[in-house]
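There are two complexes below, and they share subunit A, which is joined by subunit B in the first and by subunit C in the second.
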Partner chain A sequence: MGSLFRSEEVALCQLFLQSESAYTCVSELGELGLVQFRDLNPDVNAFQRKFVNEVRRCDEMERKLRYLEREIRRDAIPMQDTGDNPEAPMPREMIDLEANFEKLENELKEVNSNAEALKRNYLELTELRHILKKTQVFFDERDGCAGNLDGGSVSLTQNLLPDEAKGPIQLGFVAGVILRERVASFERMLWRACRGNVFLRQAQIEEPLEDPATGEQVYKSVFIIFFQGEQLKLRVKKICEGFRATMYPCPEAPADRREMAMGVKTRLDDLNTVLSQTQDHRHRVLVSAARNLRSWMLKVWKIKAIYHSLNMFNIDTIQNGLIAECWIPVPDLETVQLALRRGTEKSGSLPAILNRLSCVESPPTFHRTNKFTRAFQGLIDSYGVASYREMNPAVYTIITFPFLFAIMFGDLGHGIIMTLFGAWMVWKEKPLSVKKVDSEIWNIFFGGRYIILLMGTFSMYTGIIYNDVFSKSLNLFGSSWHVPFNESTIRDNREIMLDPKQPDQYEGTPYPIGLDPLWQLAANKINFLNSYKMKISIIFGIVHMMFGIILSLWNHRFFNRRLNVLCEFIPQVLFMSCLFVYLTLLVFIKWVNYGAGEDVPLVLTPGCAPSILITFINMVLMKGYEEAKGPNSCSAYMYDGQFYLQRMMVVVAVICVPWMLVAKPYFLYRASKQRAMLGTGGVEGAMEETPSTMPVQPAEDHDMSEILIHQGIHTIEFVLGSVSHTASYLRLWALSLAHAQLSEVLWGMVLRIGLSTAGTTGGFAMYFIFAAWATLTVVILVLMEGLSAFLHTLRLHWVEFQSKFYEGQGYAFVPFSFDSILEANESTVTEAK
Partner chain B sequence: MKFCGPKLSLCCTILSVWGIIQLGIMGILFYIKSPAFLEDLFIPENATEPAAYIDAMEKSFSQIALNCWIATALYGGTFVLSGWQMWLNFKK
Partner chain C sequence: MFIFQNIIIMLDSAFNIDCGYLEGLVRGFRNGILRQHDYLNLVQCESLDDLKLHLQSTDYGSFLANEASPLQVSVIDDKLREKLVIEFQHMRNHAVEPLATFMDYITYGYMIDNIVLLITGALHQRPISELMPKCHPLGTFDQIEAINVANTSVELYNAVLVDTPLAEFFGECVSEQDLDELNIEIIRNTLYKAYLESFYNYCKNLGGPTAEVMCPILAFEADRRAFIITVNSFGTELTKEDRAKLYPTCGRLYPDGLAALARADDPENVKQVAEFYAEYRALFEGAGNNPGEKTLEDKFFEYEVKLNVNAFMHQFHCGVFYSYLRLKEQECRNIVWISECIAQKHRAKIDNYIPIL
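Right, the complex of A and B next:
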């Protein structure tokens, strides 16, 4: 049975799996991706399910792998994606994997902590080295200062009081390193706390040092504080700790300092070697892990998915097996059997049994799509998934959607741009789909590449019909209009209207394809185009809607709803035909019969053509018959007998309304009365139907009011909707007018500036203005207008077309498939980054 | 050497190709005095007599054709420049 015409038949099956083979069978089914498991333990808490331990272990493994991935990413090691799809490993291999990951994680943690300790050591030694270098200056100053005070010089700094200590003043000192940002407040604090009795000298360290914990580079300064006495020492030490300055023991004597400096240097060199070796080791570990990381991740995800599915099964303790209930599309039953056989062979146990069940509830809706049709199916499913085995609108959407879009977007130039973009995406499909791009907008565009390609090609076609390339017309075949006037006529008249009746002005045969190019320069172009576009919008709208109504006939026939055919379909068709199809017929008659030409009788000249709108309004209002006024005057009618035919059509249409409203409830009422009389209660009659949706017709009497209300709503919706939806299709005209005008305005306001610049500077002006015009064309006319037309087309499909036949109350078939699970996991990973 | 990033160089290359094609074709069309571009011409104010008007029209057609070709040449240069930047950006 055709797969896109309506959704596939899906059967509810019961699966008996032996315990040993359950894992492999589920693995095989996951690779296949054709089976949707039902959760047989919906009331059970996630923590009480049978395989919760295995799931927990998988989570642990996933955590370890993510840790590894983070470390690999931090070192910027490329993780190659070989694109291979490893199979889910057996449960015993899972233990090996776990052990492997544990070992790797521990190793990495150890290496990291070692590296951190080493780095801290390194930092201390570096700081010490800087201190030893910088404090040389400070000590010289101190000694000098002390020396000064010692001799009895007459400098102003001479101590007035006699010294108690003999020799230089005993200044204690503390040396350390502090962050550069904190130096100022540190100094201030010292000054205040010690009442100005300490002496701080500081010098900046030029090169930045690496903070071992965070890894970032910080700037620090060396300081040395001189003080006298124990109290001050304690105070200084406390302040240093408060400001998180690291203090180092610095020897006083220069000789000691030099010795220390050399010792520090050798230790630094040693540390450097050890550090680089540690880094090398870490790098080696990570590189070897990076090679396999991806396939490990896939394996873990698959194991987890299998155990999640196994958790949904029922345990059959008697036969030591698992029972699963699943939805399988009927054409795929054979494939699933084969997969199960493969699974049982792999684990070497008894074969699994697949049993088909009958079910009351409605199965999920499955449309078998390929990469081309998937996008269109997605458009339809966004509004509502089709009810089980209902007619699928997506097939027709493949053509009607781009076509209606193109009516609104018709421009050859913009169509070329869109087609090129779509064609590039389709041509480079494979490499582009492998690249995981984060941007959601790109993913939307790429997912709809076939839609865009089709929209572009159709737009190129309608662009040719509207004869519009970036608002200019192409003259490929020679215009059918000519200007025969002489100079004086042209000079004396501001506006001249070309008369199609004169053969020297209009050839009599129209331009072969599309709009005549002369219209581009005509002042009444919009008047002409409006009439044309409005009429074709209505025509396409009514065709689309009638098509929708006819599709409902297929639905009724499939589900054996004879009552609906009689009471809904036929009156609907009659109503629409009598009113709106007749309207399009009038349009065609007017187009064909009325025209300008030499031998056209008066009554068929354009001046006498009756307005279709007025005709239609008069028809519905049942206005009286207008007598013909004579052979040389215009007639209100387009053909003989029009008045009586129209009267009859209105009567038929009006009869259809109560037909739609009352007939079906009446028949249902009678049927239920008959059933009640026969004494057999219940729903047998309705249940004889083939596997289908739930019986729609309720069988009890007390639903009569509900039926009436439902039918009333349905009828009102249809009748009122017929007018409003028909008018709604006029958006095809409106948007195409807007697009054409925008295009014209852009050319006139932007590109014309560059074109009409006098002289050769125009060339350079054109260079820049063309860039601006091109950017605005793409952004406004292709992107914005394209999006707008896309939206309106979608609305026309969802509301105007689908309301005629579509139920859309189904739920999608979501098979257990490793591909989709892996994809979902990938996207969460990329989102989390 | 590289002064454009990958996105800018790609955009400029595409724009240049479009510019070359479109401006080249427009230049040809202006050269053969296609009437579709009547409203884009530059007619000075004083050309009221028909002869002067037609003369101004023809001059304008030729001038604009030349301008379009100048712009085409400039876009040719831009294409070379941005193509080179693109090659620098995308070579592995």
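Right, the complex of A and C next:
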């Protein structure tokens, strides 16, 4: 079976399919999801391909289904998602499906148009009812007004009228309903167009009415316009039309109005029953459709996917068949054969033939992942998909990633929070993954649940090592240090030093695991921690990088690149060991050799320990020190012969640089010259003999200058990189320091206020302060700091680690799989909502 | 504070504070404009369904997916326009000054066209409800449907247009005459002239790259109108004096060319005027109505496309929004042209579209 260390072997295969069985075979392969088809007609337009009509029919069916779905959604009918996965139907069933959808669509359309007509009718009647109700007031006012006029108080308009028109003025009127938001401009328009000679009254209809065309709820107003004369009437009507106001006849006499209102009411009641019946019918149709909608949709998608694949095939006119080319992972060849046999049996035609081809181009990269490794593989792939069959860093990332993260995020408390979150997601994996959430952030978290879980547990471990729980220390085993001084000494002295030599102050054995909790109180805690964490970062960084270089050896050996081993791997290892591995050795020597104790000679006391940084700088500058003057004075050297050894190592490292730079181009040059002397024939014969598992590289024209430049860049990148990358690992220390400091600040500035307030008030205050502290802890320290540590870890892997061996020039294996196609379709559908 | 603001305005890069997002958006949209190879594929289509299938693989995506299968050209046209309008309105809704006014200015042109369309329709006794779908959605306003209230241009102004942004352009064409065909044409051109000049001045006052880009485009637009008015006026009742009043004065023809145009009597005279202007001479020289030759109109379109494509070479200016709309409209015209040719099985002229990129 395929391993995670390398991508799987993928073979290019040719597939002869009989035209009768092609559909069923491809359907079987789609269910299997292990075959990637190559497009054999890349120059042919989408609409000129063979099965374009079938694709179009599928589009049409999809459209009908979408229409159904929209209607179902509008009525808020739950759609059943049984989760079953129907097989792709046979092509002949397609006609049945089409007929079925056609019937449903037509039925629904008819019902809808009926319903719309009814609703329009209903709307008109309701509006009329409102008009009759509201205008009552206006008419009353007008009549009252007219009465007043008769009574003698003469208005301005009255004066302008000719004398014959005495008595109640015959005003015409138009009543109607208009959208509420248009009332203002309507009124202004009326005023302008009729020069103020009309009188508009309006009242709002409180409840919203349903617009039959869109089904939306709209607010409307009743208006009534009084005017005089035919001219104005025409004009007013035009404006009403222009503003899409609906006008209704409204009798003038109160008795007529009352009668009309009664009529409207009975008609409304009738309409209501008809409407509810139509709705019921519609509901029944939709409910029955909703039951099958999903499986229909899946079927149509599958058919469409199959025809899309068939469109990529070549047509074999002689044997009346189809020829496909596809990538298949070698271990799965048997399974694919079986699937093909099933497919041909279904259609009962001649068997399909599968041929392995040799190919020039490099096959796609296929990593078989499971739910645990998928996220890690994703981290690697987002940098660049591995070249075919090169070492896959994802395996190592599974451990190194959370570990480097934890070095930066070391805090037991925060680690526990993260672990719990990750563990919860892993625990509830099934229910959570079934539930489709649109939130992108959540999907990212959920996709990386195993990473989060591991990051959390590793952080707990480093938290224990740093002895940090929300910036406080745990004193589980009892500190190895004791403070023998009495209270007055402590009060009087600003600084008291504990001496590890004194048995009453230091027990002689260190704290069993992690940092001694006493450091929490020490004034030089930061100094101590910085020195410790910096060294740790450099050590892990160099180990990490060396590991990367060693992985490149596996790559070279696998691809038979002996020249690369000799001219790249060996000088690289030498260069790194002579400078940086030696640096870590110095660290260890300093840790082991120097120390406090009764029997430690003066040369090895802490005061005499040389600075590693200075030592290293001087080593590179090839600067020596004066020898120690006597046995009791400090020496700048850690061991005998250090100076000469160092000098030798620097020389070796310097020699490595031209070695890396020149050797490979030189050997290539010589080889090409030899080849030219032998003639090309022999070389090509040799090429053909290379094993078929390896992609045959097309014979490159070795352009010397290009090779030189490439090698130059490579060398400079490595040499400069080894310095800058080593320094880059110091981010482990920097972020860890920042994290610890930030959580300390949060404790000191927030929670301590609550803890130091006395009495009952303190209790109450604590309630709120704790809430603030907890929120800030989660949001800033766990979420934000976690994110930043995550990104830094990602960078350390992508740049510092992978640059040592990873090419990432491949392309991913994308098999033709119904599962992924359906998933993609479903996500676009949910997006469209 | 004032000086400080001025400094900020002078910095081109400050443009991004307000309009950076939208400019990014419009440039993204512009990358979706069909290219030459898309057109080559489109003209090969056998039916409108093929066309739909091919458009699916472009930036248009599934914009026709919900249409029932025997496609109509009008449906394609509507959907193309709808997509463009949605894009434009999305950008307009996010725009702040001065881009907001700039984009409003763009819509005024459509308003003028809509008004003229409705009045002409009303003159021929067509109901407004039938005309409304033909109006461009970018040029609608609240009162537009009540436009047939007006019988004279005074009424048109007083009742309908006074509240719209077009009111300021209307000043010159208020008259008590009844609206008739010629009148309407004059109103349209007077409005357009005022609109173009106002837009031109607005862009000029904005200064910076916006003026640099927009002024040549609008100047060309003005000159094109002047040419077209002149050519179309031959053989109509329009007097030379009236005609001269319709020429927009913000183009490169102003003032000498316009004066010469005002005196022109036949298309040959127009061509002579164009002789004096290098870029217009080229347009007139290649134009003709014979088969195999491009019409003057197409030549103008081609030149306009060129100007608009060049607008995208500058950064930090509002002109890209105008140019994008224009290019996209040209693309819609192209697609509709190709669809018509396919639908009517009249393939001889299918290549007469105007490629953009």
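Quick note on the criterion: the second predicted complex is superposed on the first by the 676 of 833 C-alpha atoms of A that agree within 3 Å, B and C clash if a C-alpha of one lies under 4 Å from a C-alpha of the other, contacts with A are read in each partner's own complex, and residues count from 1 in each chain.
Just so we're on the same page, contacts are C-beta pairs under 8 Å (C-beta built on N, C-alpha and C of every residue); 3 or more make two chains touch, one makes a residue touch a chain.
Just so you know, these numbers come straight off a predicted model, no measurement behind them.
**Student:** Contact-wise, after the overlay, does A:517 reach subunit B, subunit C, both or neither (first, second, both, neither)?
**Tutor:** first
**Student:** Output check: A:723 vs subunit B and subunit C. Expected answer is one of first, second, both, neither. What do you get?
**Tutor:** neither
**Student:** One more residue to check, A:235. First (subunit B), second (subunit C), both or neither?
**Tutor:** A:235 sits against subunit C, while subunit B stays out of touch.
**Student:** Which partner does A:60 reach: the first (subunit B), the second (subunit C), both, or neither?
**Tutor:** After superposition on chain A, A:60 lies in contact with subunit C alone.
**Student:** Kindly classify A:476 by the partners it touches after superposition: subunit B alone (first), subunit C alone (second), both, or neither?
**Tutor:** neither
**Student:** When the two structures are overlaid on chain A, which partner does A:243 contact: first (subunit B), second (subunit C), both, or neither?
**Tutor:** In the superposition, A:243 touches subunit C alone.
**Student:** Taking the superposition as given, does A:774 touch the first partner, subunit B, the second, subunit C, both, or neither?
**Tutor:** First partner only.
**Student:** So, does A:491 touch the first partner subunit B, the second partner subunit C, both, or neither?
**Tutor:** first
**Student:** Shared contact residues on subunit A, subunit B side and subunit C side combined as an intersection?
**Tutor:** After superposing on chain A, no subunit A residue contacts both subunit B and subunit C.
**Student:** Could you please specify the touching residues of subunit A with respect to subunit C in the complex?
**Tutor:** Spelled out, the residues of subunit A in touch with subunit C are 45-48, 52, 55-56, 59-60, 62-63, 66-67, 182, 185, 188-189, 192-193, 235, 238-239, 241-244.
**Student:** Once bound in the complex, which stretches of subunit B touch subunit A?
**Tutor:** Of all residues in subunit B, those touching subunit A are 15, 18-19, 22-23, 34-42, 50, 60, 63-64, 66-71, 74-75.
**Student:** Of all residues in subunit C, which touch subunit A in the complex?
**Tutor:** It is residues 41, 44-46, 49-50, 53-54, 56-57, 65-69, 128, 142-149, 155, 158-160, 162-163 of subunit C that touch subunit A.
**Student:** For subunit A, which residues count as touching subunit B in their complex?
**Tutor:** These residues of subunit A touch subunit B: 472-475, 487, 490-491, 517, 520-521, 748, 751-752, 754-760, 762-767, 770-771, 774-775.
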